[in-house]
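Everything below concerns the one structure shown next.
Order of writing sets the chain letters: A, B, C and D. Residues in each chain are counted from 1.
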Amino acid sequence: MMKSAEEYRESLRALKPRIYLGGSLIESVADEPRFEPGINATGITYDFALVDDLKSTMTTSGLDGKPTNRFLAINRSRADLQDKLEAVRLTCKVAGCAQRYLTHDAFNALFEATWLINETYGGENHARLLDYIQYAQTNDLSIGIAMTDGKGDRSKRPSEQDQPDSYVHVIERRSDGIVISGVKAIITGGPYMHELLVMPCRRMDKHEKDFAVACAVPIDAAGITIVSRPAGRPGNPAAKFSAKFAQAVAVAHFDNVFVPYDRVFIDGETEEAHLMTTNYATHHRHSCIGARAGFGDLLIGAGAMMAQANGLDYLKVPHLREKMVELIKITEGFYACGIASSTMGVHDAAGNFRPDQIYANIGKLLLANQIYDMHRLAHDVSGGLVVALPGPEEDHNPVTSAILSDVLRGHPDVPYEHRANVSRFIEDLTASETGGWYSVISLHGGGSPEAMKLEILRNYDIEARSDLVQALFDRGALEMGKGIKVDRQPGRCCAKGCQGDGLVSGKDT
Amino acid sequence: MMKSAEEYRESLRALKPRIYLGGSLIESVADEPRFEPGINATGITYDFALVDDLKSTMTTSGLDGKPTNRFLAINRSRADLQDKLEAVRLTCKVAGCAQRYLTHDAFNALFEATWLINETYGGENHARLLDYIQYAQTNDLSIGIAMTDGKGDRSKRPSEQDQPDSYVHVIERRSDGIVISGVKAIITGGPYMHELLVMPCRRMDKHEKDFAVACAVPIDAAGITIVSRPAGRPGNPAAKFSAKFAQAVAVAHFDNVFVPYDRVFIDGETEEAHLMTTNYATHHRHSCIGARAGFGDLLIGAGAMMAQANGLDYLKVPHLREKMVELIKITEGFYACGIASSTMGVHDAAGNFRPDQIYANIGKLLLANQIYDMHRLAHDVSGGLVVALPGPEEDHNPVTSAILSDVLRGHPDVPYEHRANVSRFIEDLTASETGGWYSVISLHGGGSPEAMKLEILRNYDIEARSDLVQALFDRGALEMGKGIKVDRQPGRCCAKGCQGDGLVSGKDT
Amino acid sequence: MMKSAEEYRESLRALKPRIYLGGSLIESVADEPRFEPGINATGITYDFALVDDLKSTMTTSGLDGKPTNRFLAINRSRADLQDKLEAVRLTCKVAGCAQRYLTHDAFNALFEATWLINETYGGENHARLLDYIQYAQTNDLSIGIAMTDGKGDRSKRPSEQDQPDSYVHVIERRSDGIVISGVKAIITGGPYMHELLVMPCRRMDKHEKDFAVACAVPIDAAGITIVSRPAGRPGNPAAKFSAKFAQAVAVAHFDNVFVPYDRVFIDGETEEAHLMTTNYATHHRHSCIGARAGFGDLLIGAGAMMAQANGLDYLKVPHLREKMVELIKITEGFYACGIASSTMGVHDAAGNFRPDQIYANIGKLLLANQIYDMHRLAHDVSGGLVVALPGPEEDHNPVTSAILSDVLRGHPDVPYEHRANVSRFIEDLTASETGGWYSVISLHGGGSPEAMKLEILRNYDIEARSDLVQALFDRGALEMGKGIKVDRQPGRCCAKGCQGDGLVSGKDT
Amino acid sequence: MMKSAEEYRESLRALKPRIYLGGSLIESVADEPRFEPGINATGITYDFALVDDLKSTMTTSGLDGKPTNRFLAINRSRADLQDKLEAVRLTCKVAGCAQRYLTHDAFNALFEATWLINETYGGENHARLLDYIQYAQTNDLSIGIAMTDGKGDRSKRPSEQDQPDSYVHVIERRSDGIVISGVKAIITGGPYMHELLVMPCRRMDKHEKDFAVACAVPIDAAGITIVSRPAGRPGNPAAKFSAKFAQAVAVAHFDNVFVPYDRVFIDGETEEAHLMTTNYATHHRHSCIGARAGFGDLLIGAGAMMAQANGLDYLKVPHLREKMVELIKITEGFYACGIASSTMGVHDAAGNFRPDQIYANIGKLLLANQIYDMHRLAHDVSGGLVVALPGPEEDHNPVTSAILSDVLRGHPDVPYEHRANVSRFIEDLTASETGGWYSVISLHGGGSPEAMKLEILRNYDIEARSDLVQALFDRGALEMGKGIKVDRQPGRCCAKGCQGDGLVSGKDT
């Protein structure tokens, strides 16, 4: 059953996680003001799924055929990929980062990997995962992805660390389950999740089976300690956006945490675990594209408002036109890679769909570098007021507020309060800790640019292109057509009649 | 019936156009060496349509249900848009510029405009066009698009020119047809086309009805004089690509040319003519994306070969890796906009499909500027030999060839001849007239960057984004979902069951 | 007599300005913690002038021949311009923004303008200014530049505003002085200055004489109310830089402030006032180049440290090498424009030297846009820890600190504390309000990019270059040399023997 | 005695080099039309040195105190560096590439290296070089720099090549001189030089003494065979620039060439030879900056003319303004690095001056990548006519010329002929083999971008910047000043009174 935001918040009260924030233990996550913006943002993913106009985007049918939140669903078609992309953009353009799509990325990656494990070795991993997904769908859970390890000494492999807890690993295998220990860093939304999904963050060698572990635990399982940063800038009156919507990131220490087998999805299958991390990256980078496009929507809208509040028509002043187009070009330029990645999505052997890897990586790579240009353009259309406006406390200073609101009002028809609001909104999104967080998370979240470049090089068929040039040297034009390949034919990857064929069925069926 | 390249070339002999090249009248276009690369490139679009493996991409069903070349077809689904995009890339990665896709762009734009004209005013324009398209499909014609006018004094409108022939216009309307005069510039493939399709290149005022004319004429109609540039660098042994495949551009002077009414598609309907130019731009910019992606394929392939011929592994040398990824990122980055533009294609009221305007314009804008980066990257991975290698005449100089081939061979396993071939291929594509032509045509072809920016600004919903920010100021999160819009929902633009719905029918039907 | 930082701070106690911060009146500026980082940063300019090794850079001889701080001096040679540039970089690479160089920029611009006023109209303006400069040098003052007006309705001129105080202007001229009213925004270091120097911020029309006013007033003159933002992030333990060094910006309301004539430098000379604003811009943009190069030094140093703390050798890992070079290229690329602007400095008719306008504007334009790339590169070499590290309060949490310092230490030889320090330093400089301030102030401070472009276009001799091309069309090679100009010959702008000639005297004298 | 261009051309007739071009032996270089543009461009460096207004830039005093061409002189001050930079720009903005400045670069690098050799090992190398320089100055010679070896198999060192002639090396040492063999590639201006100066192109190992050879030989020395490319596009009526001015590049095979000892400057001193190549790179990259700034002057001038011929005011049309500023910003941005490199020039122990390495490398790196942007901007301001204009043969076709000149004239006051001239001039410079040559030579000439990055990293003091950050962590502000370094103090590198001190002597002496 799908929850409302309020029901989600209430459901957090039933959990008793051990969470530190600013050096102190948190009594009640649901009532902690410094987590409030994070809970609000997560709440958007709940409430929007209940809004009639948004349902076709925000929900789909779950494993049992009942409606479920799209962020908990397995993709059954290329259209699902595209709908997920739009759902991410939709929630992020309201909440900045909707946090919950990471669950989708993990579920789909595990779906493929556990299916393959059972195809190869037999076993019940895939069935366990399906049970768990059903459990998440039925209870409309928020699940934190605990993937990035603490890592310790970067020059050593996981198994070589002096401090073995640098990576989460299995320390004991019992008859009824496993025991894990170690540290996971950078868990998005960590403190206000219902569960944590533990997954390996890199390729493990064959002898590092203990480190190739994927499993799910309740957030308040015995042995888990979480250290979180606050979500956004709660309580700051200048934080026009991030006092309301934001994200916390947390570090979790797993100290002898027991996990029953029905929640263990990968345990030592190093090869499939590696495939899982690669596929997770593809799903996640595709999602990141939607998220940052939503951020682009906010900057485009706010930049236009600021120009207007300054008394300028952004459609007429040439340099403003230029910069507005640039902002749009960047945002829709990388979003186009997301769409292309949906359209060219791959029908995995396990039966679900995965975004095309090349376009997902290029889109993420583009946004990673261009988020800085987006900040620049937003500042350029906005002007210097963004960092010069006196603070909100001054708005009600009887000595100064009258004269300030008179002379710092740009356009005569726009009240000072509105101009101040927009100015602080842009400052919050681009020139504050919140802005810094968006930059760095865009650059490094889902893997840093070098990781994307590696993935592109690994998968792009450069040789086919060299063969083409060689063919031009060797053979006549007529003959050439015979060996030449059409690059990509969406919807033709599998037999007609399969759901994935949908994207071109208008023609082929 | 679809022709082979050889049949196409033969068919040109039946025509007697009046064509000047290098100041002299051309006897036989089909036998003129300076047009040979252009005829070869056009020929690729014929031959490839006959190759079994390429048929599903290169052909579709025509108006009469029989197979036709995709470059002569009306799009009936989003999949058609994507197949056309791939057909353009396919032919251009072999022939550089396939020239014939402009016919597709014009046919589809006229299809929409003439339908609207007849909806609005009645008449037979649309039926005439369908007849003409059927004629073109049945005879597998190559049709040059005569759109860009001579323009004369840029500070004056078409109707104000001292020299009225600066723009093609109707000078007489007879009972059986119209008479047109004026100059069209930049006709791609002009001399070796079967027909010319005359279309207005800009918005005409209501009183400029005579200038709002679209009609078709045989290339050798009385009164037409064509002045052409040669196609590529024919006969130049260093021109490893453009001695074989290239394009001619031509200027055509229409001097009292009679056009019977069954070949007149627009005559004075200024508003619909303007819509036609806008929609042509969208179709054409979408096509340009495919064309330049094919160019990207050539550079990626050749760059990799050159690095190897230099003795370097482009997957291992860090700066080569970096630049190869960059080349791929640029090429697939703008191609992704083409795919997105197909996926989000619009079902026109006339019944055909048009690429999404925003993505088509962004993709073209990206390639327009980035073609220069592509040249730079190709040069960077190739090294300085590209402009330092002695000319091909030196390859057989008995005094010098032995020592040159010894010391200018990079990798010991790669013969000098191969390295020289690749070096000259890259020089031809990026550091010769051919390279310059690709640059400028990428920048200005289909409209210059400023035209794309204008189109993006005109069509992008900035206000919806400002409304979103305002909503964030005004209302609570829960309530917000109610008014918010999902940006784009492919395949939901029209009623279920329509052909265009195909893109999501996997889910919706 | 030159003060120490401590003497400067002490001297502030003698003043009683009316300053609001966060809505409250400030008792003692010198003791206000929220101004502390700003006073520290200003203090650096005092203390460094007393350090033997730095004296030749930080000081020069004043009007009376005694040593004075370079930020209060009039440039007497091109070497002075270059020494000033280095003094700015030197202080800014320690203090982020040294604030006091704006005084230099204003003094030099007023020096030129008042000299011209007296040349043209007679009078004592220049002498008054010299007296004031001597007063500032003798007392080693910090003087805030009150230039940017409140501006009000951007679509109206200063004289047309509904609220006349939108711009500071003369409201009364008495026998002993003038009375001014109005609002000045964005005063760097406003609260902890000794005096304010009021100057017009734009061209005034002939009839706007009342708005063309430049004069000096003590910070605590009757009628001045200042509303300030805090300086940096004082008291924030995560603010590794900006808790120590930062800048406040303030708005000042002048309400019937009396200024005696010996402190009035421009009053109604609109043409010379406009020249002053243009020349101020040149001096100031030149200074900005030095300031942001100092910021670049900090990022280069911290980026290298962070890479090392992550366990990586930035000279060996290819992508780190690439990004370090990029950071250096940007920083030294715009700094080179500063040097060029010094080397090509202009000997003003008044006798002082002004940086070359073209290079000063290009350098500022480059840094304005590239500050965002600098942030990106710093983040790229640093990794995601910058926004994921738990806050400093967690460093001493007995429950979590041991495990965190174990697993979040990158290189085994680098203590966790060091890695955390560097990470927070980079976060502070690039991903916090401080980082946002540096971005926006780099973009818009000293005029926004559009202002620089305008200035470049106004001053660059494009026509000489068109003449060159025309000459190539018209004339033979030999003859051409006769009319052709060498672009710029440093040190040859005035007669030999003048001080400015120094830059080439090694050859010419 | 300084020659005129005509005397230079005449002097070539006295030489009998063995030169192949297009597979044939050239009878007389001075009369070969395909070398004419190269001889013209070299001639500019002669004629300009005789023009009164240009003498102070183009000449200086030689070793014997008599006037000599600056491109043959040793730098005696920073002002000399700057004058050389301007001389390069001056000649290149007329002739595209003046070719002869490479002699300057080699002379200065050898000056330093031979001085060091004699300081270290004794001997007469430096004296021999001085004699040779005096010989060159006295006879006003053009000397080709034969540096880049054939290289053969890139994966092997010079001494390991199967074909030993892949690198020029000493094969015999006689009592009266040495005998060398091998291939040098990419010799600028090769065929129409008086002499060739052979120099090693890379670091040689200690055991590769035979490869560390620098010596001078007459162009027609026995055993030299030269294979050249033509200079530009001679005889091509569309080549508005490169039919008149251009450069040839050549390959030279040295087959048992005898060099008497008084022309041998380095022979086996591998360490000093390596230093020579590094210093040559610095001198040469500094020169390249001037050369490409001259190219920028041509593009800026021609772009402005083309916009005007199109009927547009580039100062008013916003997007043209933007692009003209961008062209200026790029050109002067890298030229500023050249000026900075002069201003910060280093006084070598040998007594001459060398440009600052960091700025010379950054400037060259900037132009290497931005030449492509310059092409783009030139195309953008020019419009598509650049590749669509019918060829010059058509200008006199009686059938078509009248109508073409009517409708292809843009601005009514600008004759068609002028617009065509400017269009072809831009096509020639940016969209032809000439344009391609400028791109690739800018990218790879004087070393490819990776070489510059390496040099920057090797020489930039990153550690000092990390120390600075560490000092900020460790110490108080006051104390800090004591250890801190001012980055660069021009003119203070050596004792007062030395010539190099000139740049700041206006202040210090």
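Side notes on the structure shown:
Here is the rule we use: a contact is a pair of C-beta atoms (placed from the backbone, for glycine too) under 8 Å apart; a residue touches a chain by one contact, two chains touch by 3 or more.
The structure presented is a predicted model; accordingly, all values stated were derived computationally and were not measured.
At the interface between chain C and chain D, over half of the residue numbers appear on both sides, which makes the contact a same-residue one. Ranked by separation of Cα centres from chain C, the top chain is B.
A count of C-beta contacts for the chain pairs A-D and A-B puts A-B on top. Rounded to a whole number, the gap between the C-alpha centres of chain A and chain D is 51 angstrom. Chain geometry summary: the mean Cα position of chain A and that of chain B are 37 Å apart. Listed for chain B are residues 319, 322, each touching two or more other chains. Per the touch definition, chain A reaches chain D in the complex via residues 318-319, 322. Of all residues in chain C, only 4-5, 40, 43-44, 47-48, 50-51, 53-54, 56-57, 76-80, 82-83, 86, 89-90, 93-95, 240-241, 244-245, 297-298, 300-302, 304-305, 314-315, 321-322, 324-325, 328-329, 332-333, 335-337, 339-344, 358-359, 362-363, 365-366, 421-422, 425, 453, 456-457, 460, 462-470, 472-473, 477-478, 480-482, 484, 486-491, 499-508 touch chain D in the complex they form. Within the complex, the chain A residues that touch chain C are 20, 22-23, 149-155, 162-163, 165-166, 182-183, 185-186, 225, 227-229, 249, 251, 253, 310-312, 319, 369, 372-373, 375-376, 379-380, 383-384, 386-388, 390-391, 393-394, 396-397, 399-400, 403-404, 406-412, 427, 430-433, 435-437, 439-441, 443-445, 448-450.
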